[in-house]
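This is the structure, below, for whatever I ask next.
Per-chain numbering from 1; labels A, B, C and D assigned in written order.
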Amino acid sequence: MHKTSAVGILANPAAGRDIRRLVAQASVFPLAEKCNMISRLLSALGAGGVDEVYMMPDAGGISRRLLRMLQTPSLQPRPPVTFFDMPVVDGAADTLLAVERMVEAGVGAIVVLGGDGTHRLVAQVCGDTPLTALSTGTNNVFPALREATIAGLATALVATGQVTDDGATCSNKALRVSVNGTRDLALVDICVSTALWTGSKAVWRVDSLSQLFVAFAEADAVGLSSVAGLIRPVSRRDHAGVRLDLAPPGEAAMSVTAPIAPGLVVPVGVAAVHDLLPGERQTVCAPQGVIALDGEREIEFTDGDRVAVWLDDDGPRTIDVERVMARAAHSGLLTSTDQTLSNPLQKGDSTDAAEQG
Amino acid sequence: MSGALHAVTMPKWGLSMQEAKIVEWKVPVGGEALSGDEVVDIETEKIAAAVEARHSGVLRRHIAQEDDVLPVGALLAVIAGADATDSEIDAFVADFQASFVPPDPTASEVGVPTDTVDLSGGVIRYLRRGDSGDVVILVHGFGGDLNNWLFTHEPLAAEHVVYALDLPGHGGSTRDVGDGSLEDFADTLSDFMAALGIANAHLVGHSMGGAIALTFALAHPDLTASLTLIGSAGLGAEIDGTYIDGFVHARRRRDLKPHLEKLFSDPSLITRQLVEDVLRYKRLDGVQDALATVAGQLFPGGRQAAVLRDQLDQLMLPVQVICGVEDRIIPPSHALGLPADVATHTVTGAGHMVQMEASAEVNRLIRDLAG
Amino acid sequence: MQLNKDDALRAYRTMKTIRVFEDRVHVEFETGEVPGFVHLYAGEEAIATGVCLHLDDGDRIASTHRGHGHCIAKGCDVRGMMAEIYGRKPGLCAGKGGSMHIADLTKGMMGANGIVGGAPPLVCGAGLAAKTLGNGRVAVGFVGDGGSNQGTTHESLNLASVWQLPCIFVVENNGYAEATSVKYSTACDDLADRASGFNMPGIVVDGHDFFEVYEVAGEAIDRARAGGGPTLIECKVNRYYGHFEGDAQTYRAPDEVENVRQNRDCIDNFAARAVSAGLVQEDDLASIDRDISDLIEDAVNLAKAAPKPEAEDLLTDVYVSY
Amino acid sequence: MGIKTFQQAISEALALEMERDERVIVMGEDIVGGSGADGEMDAWGGPLGVTKGLWGKFGDRVLDTPITESAFIGAAIGAATTGLRPVVELMFIDFMGVCFDQIFNQAAKFRYMFGGKAETPVVIRTMFGAGLRAAAQHSQCLYPLFTHIPGLKVVVPSTPYDAKGLLIEAIRDNDPVIFCEHKLLYTQEGEVPDEAYTIPFGEAAVVREGEDLTIVTLGRMVHRAVEAAEALAGSGIDCEIVDLRTTSPMDEDAILESVENTGRLVVVDEANPRCNIATDISALVAQSAFDALKAPIRMVTAPHSPVPFSDALEDLYIPTAASIEAAARELAEYRS
């Protein structure tokens, strides 16, 4: 075991309160629940042998709440939590800076609590540090909706080096975008719209969409990638992605009824479907518009701006919680035995006992 | 007449009167009283007026004393022949008092009930008194109602069938006054008579009611037995426009009272309750509009629109005109210079509301004409 | 929800008018000529503008003590407002209301309000009137982060939801209730989260971003007009001046305001993006700037020259009739 | 016309006005009763049944509210400035404590603050007064507090006839009106026309004329004053009773006129004695009719205490005919 094993926890206080609540009854994920998740996570990290946790200070109230919570005694020992001493601007810059600090601190893994947008930010700066991607809300594709306790255990097992084999983490694709040389990325999809303004960020009107690039597309996903997922599914592990040329439903050859946001299932016109191979630079057809990264309008571009999109296979590494836990079971990582007592696994004739042997 | 003993009792004036105060005896004990003479002044919460003798004789005894407050029907005095003995009178009084039951003040609508009839123009409220004799119809003036005749109902009912109605826009009748013209009101009158099966009537009209009665008589001479016009409109152009205007628009006691005081020669007759009663009527929805419509039609710009005096000579029926010398609403001079066969009576000590201020005289004149 | 050029210019004109108006009041206040309490809206212009651009005179808004921006955005006469702030007879409220009570019901402006949390119940009423009369109108209530803690606000959110009123509650969270931070005075983290307890959508928007406010407000207003019920919109924003004029603001971090002014100013941000998108030209904006400069100069001069109310005005307007 | 109760008179006024004007709505706590529940609608019609039946006739224009007085009184006020003419019920006047801001800072001030450009035609109906053993928070006479506020009109009717006429007047009035109904008057009977009618504000009723002494009073105390006056008449003391009907505006002329005639004044007010209507009228008369006074002014009011619960105490708290009579006798016998 490492002398010290540290984990970073990055929780975005601002996720999940956008216009989708208004137009599509999107779920509400209160901050208090995020803090409860972190508390459960801390218990599991402690149980898994992590002895230091780094976190981002925030203006939204997570750090304030946690500090209060950490002062109250807990049945389950929790590792000490350090909040970075850093300026808080209550924006994306906070996340970027905090993740950089975590990497500098040599954390063995970073647990990210947030939506696709938060993960996107983390991915820009996390380098090789593996992420445990936890969704806070129902509107996400990249992170999973998963119990924080289990995620914490798996993270601890990886961060402490108890599980090291390659299957424990996996690599992801990423979509890159460059506007006049300024780069950004998306983990699931990039969509080009002819709307002029980023406005309320979320993409929830499809009339103006012209192109959709997806790194992966699952048939049971929610979000823009579902449009591809329903006609040309590609997995996270597949080499390529997909590019769709979109048009208003009446003007396109094909129309897909797609769940583009929770509670919002609408027809989307598809004019053409193409493979998207890593490294192939794609041009954007619209002369002027907005680029949405993982479903959020982020970049306004106009005539004369140089815009390019491409697929990359060097996205962030993520911890495969299921595999790590299976490995833990297989190797008895969370098991200890008392030789003075008879081993319960050796009494019966179950297959578990046979495997354990 | 000797030997006959007659009770002078507390009259019932109007729908709500329950009692009155004895103010002053006009005929002393031993004094002679003729039928129709004022015997005693009394004061109700609404108005002060005199009780008339219904029989002629000697006023033998005052039963009520000044300042007494007595219920309707109570014995006030005894009129008898000079030859009746004191013991006869004692027995008469004892007998009366033994059988007298004062009215129950808690019963609603105590006293004379009114009735309603549904005409094509709407519901009309009216009062009917008396069982036999010619029909007399009493038509009140602008802003008035059948209670303007409260001193007339009973005295006439002895020998006539008396109707007093509320004109449209007034009292308990419909608020729909049509265009508010004399012709409309006259039509209501003929509808009223038809609905109640009255073939022929002596019409008595006060003020605007006089002009209505006159308009009716000109249109329906066959239905009209005689015409008594009291403080009547329709006989000249002048009228106190400030009164009409003030009456229509006043909402408060303080604003209304000065106008009502113009109606009487003696302004002290306007009690707080009388003002309140007029206000209660005027407060009802639709009344102010109805009055404004009528006023606009009949008295535009403070003048009477219809002057019918030249048509009086067309009437081949008995007509009399009564006016108060101190009438401040319609000049008493309108009663002058009428055709010779129109009897004109000017009453001193009376203002516009002659039938209230000089009820005994007015009642006598009506009886005289109606026979 | 696309903006056309006219709308974009209108938005700019409104925001800039508010800014120049407030900056000028700030200057004039320091001369001692502006009486009473004055609370300036500078920095928050995108909110009033982004919301009110969706409304016309028949729609109602009710405001806060920091109400100048809402008044201007809702179409109140700027000269009348300035005269009112100076306490002059030609003022929008005849000099009887002052900065905290500017109203113009003919413009659907139900009044700035000196009581924190004053607007929400009134807005429920305007919403109830619209619903009862079936005229398709909406009502927008502005409250601050301080006002959002008032019982009136909570009761009104509940009532609006129970009655499904066409109401929008806009919380202008500028971080401070007077001199107390929202972090201290508010038990929840995002004020918008409270909406879920009242069964209505609660959205957080960047109150510096006109486009975001405009879009979210537009959706909420359309939804309310269509009978979809109320919405709570929390706009996170910064005020450029103190709670009131004369507030030394020592409770704020030294560079707090300057950072926002430099990097997140709603008007600069709007102008840059609108020009970059080719929707408006620099010249258009410069011309509007000149108009506004003249307008505010004129408003101040008129206000200063205007007569004060007279003794006989003291007792008028207490009642319609008495 | 017919004999009706105070309660029927109010109900009739509401129904007539709702019929006449679609902008009139009625709202309040349980004024329908049963909203959202599984049983019958219109289960209550208000705690005493005053508004029962309106919902059946007018549907959505009769609204039950949550028990959130700030919101719904404020909403009524907001609606009044934006096109409706709401009649909103504040169940007990004591509850003004949780919504007073809406009434005195908002409704009462709009017209003045906004330079005469606002109209707030709202009527707040509210139940007041002791005598129901309802104790300290459901029995007060708080109309003096409203009377104190410029911009509000305050009505305190004493008879069914007045209740109907004054309520219709209140609904048609373009200013905010606080309409205070004494809870022990609801069963009071009197003649009330079937039609709509209005009684102007600021016009006191002289319910009894008299020469010797003026009793100025209002609400339920009018009836106690009449009782006292009848007893006094037996001793040759002739009382004039002035029923204020409205405390704002107040008919000062009627008070002064009467006192100038009688020279003696008893003011009867069920409210607590400090800064109430009795003190107000006493000040008025002392200031404007001092020379007419033949004796000091006497105030008969509740004591300076909360309303007690026990009947033994509450009966002592409320001014009685006997206490009015005693005050009047004292004045009648006064020799300077």
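Keep in mind that, in the parts below, contacts are C-beta pairs under 8 Å (C-beta built on N, C-alpha and C of every residue); 3 or more make two chains touch, one makes a residue touch a chain.
Only a predicted model underlies this, so the values are computations on that prediction, with no experimental measurement involved.
Would you identify the groups of chains that remain joined by contact if subunit D were left out?
A, C | B, once subunit D is excluded.
Need the most distant chain from subunit C, centre defined as the mean of C-alpha atoms.
Most remote chain from subunit C, centroid-wise, comes out as B.
Need the CA-centroid distance for the pair subunit A / subunit B, whole Å please.
Chain centres of subunit A and subunit B, defined by C-alpha means, are spaced 98 Å apart.
Express in whole angstrom the distance between the two chain centres, defined as the mean CA positions of subunit B and subunit C.
Distance between chain centres: 69 Å.
In whole angstrom, what separates the CA-based centres of subunit A and subunit C?
That pair's centroid distance is 38 Å.
Return the residues of subunit C touching two or more other chains; collapse runs of consecutive numbers into ranges.
none
For the protein chains shown, what form does their contact graph take: line, ring, star, complete or other?
Graph shape, chains as nodes and touching pairs as edges: a line.
How do the chains pair up in terms of touching? List each pair.
A-C, B-D, C-D
Name, in rising order, each residue of subunit D that touches subunit B in their complex.
Going through subunit D, the ones touching subunit B are 1-3, 161, 165, 191, 193, 195-200, 203, 205-206, 209, 253.
Please give the residue numbers of subunit D that touch subunit C in the complex, ascending.
Against subunit C, the touching part of subunit D is residues 23, 25, 60-61, 63, 65-66, 68, 70-84, 86, 101-102, 105-106, 109-119, 150-151, 153, 173-175, 202, 249.
Note which residues of subunit A are touching subunit C in the complex, please.
13-14, 17-19, 21-23, 25, 28, 30-32, 59-62, 64-65, 89-90, 195-201, 288, 300, 302-303
What residues on subunit C touch subunit D, complex-wise?
Touch residues, subunit C against subunit D: 60, 62, 91-97, 101, 103-106, 110-111, 113-115, 118, 120-130, 132-133, 139, 151-152, 155-156, 158-159, 162-163, 316-322.
In their complex, what parts of subunit C are in touch with subunit A?
Residue list for subunit C touching subunit A: 1-3, 183, 188-190, 192-193, 196, 201-205, 209, 211-212, 214-216, 219-220, 223, 231, 234, 236, 259, 273, 276-279.
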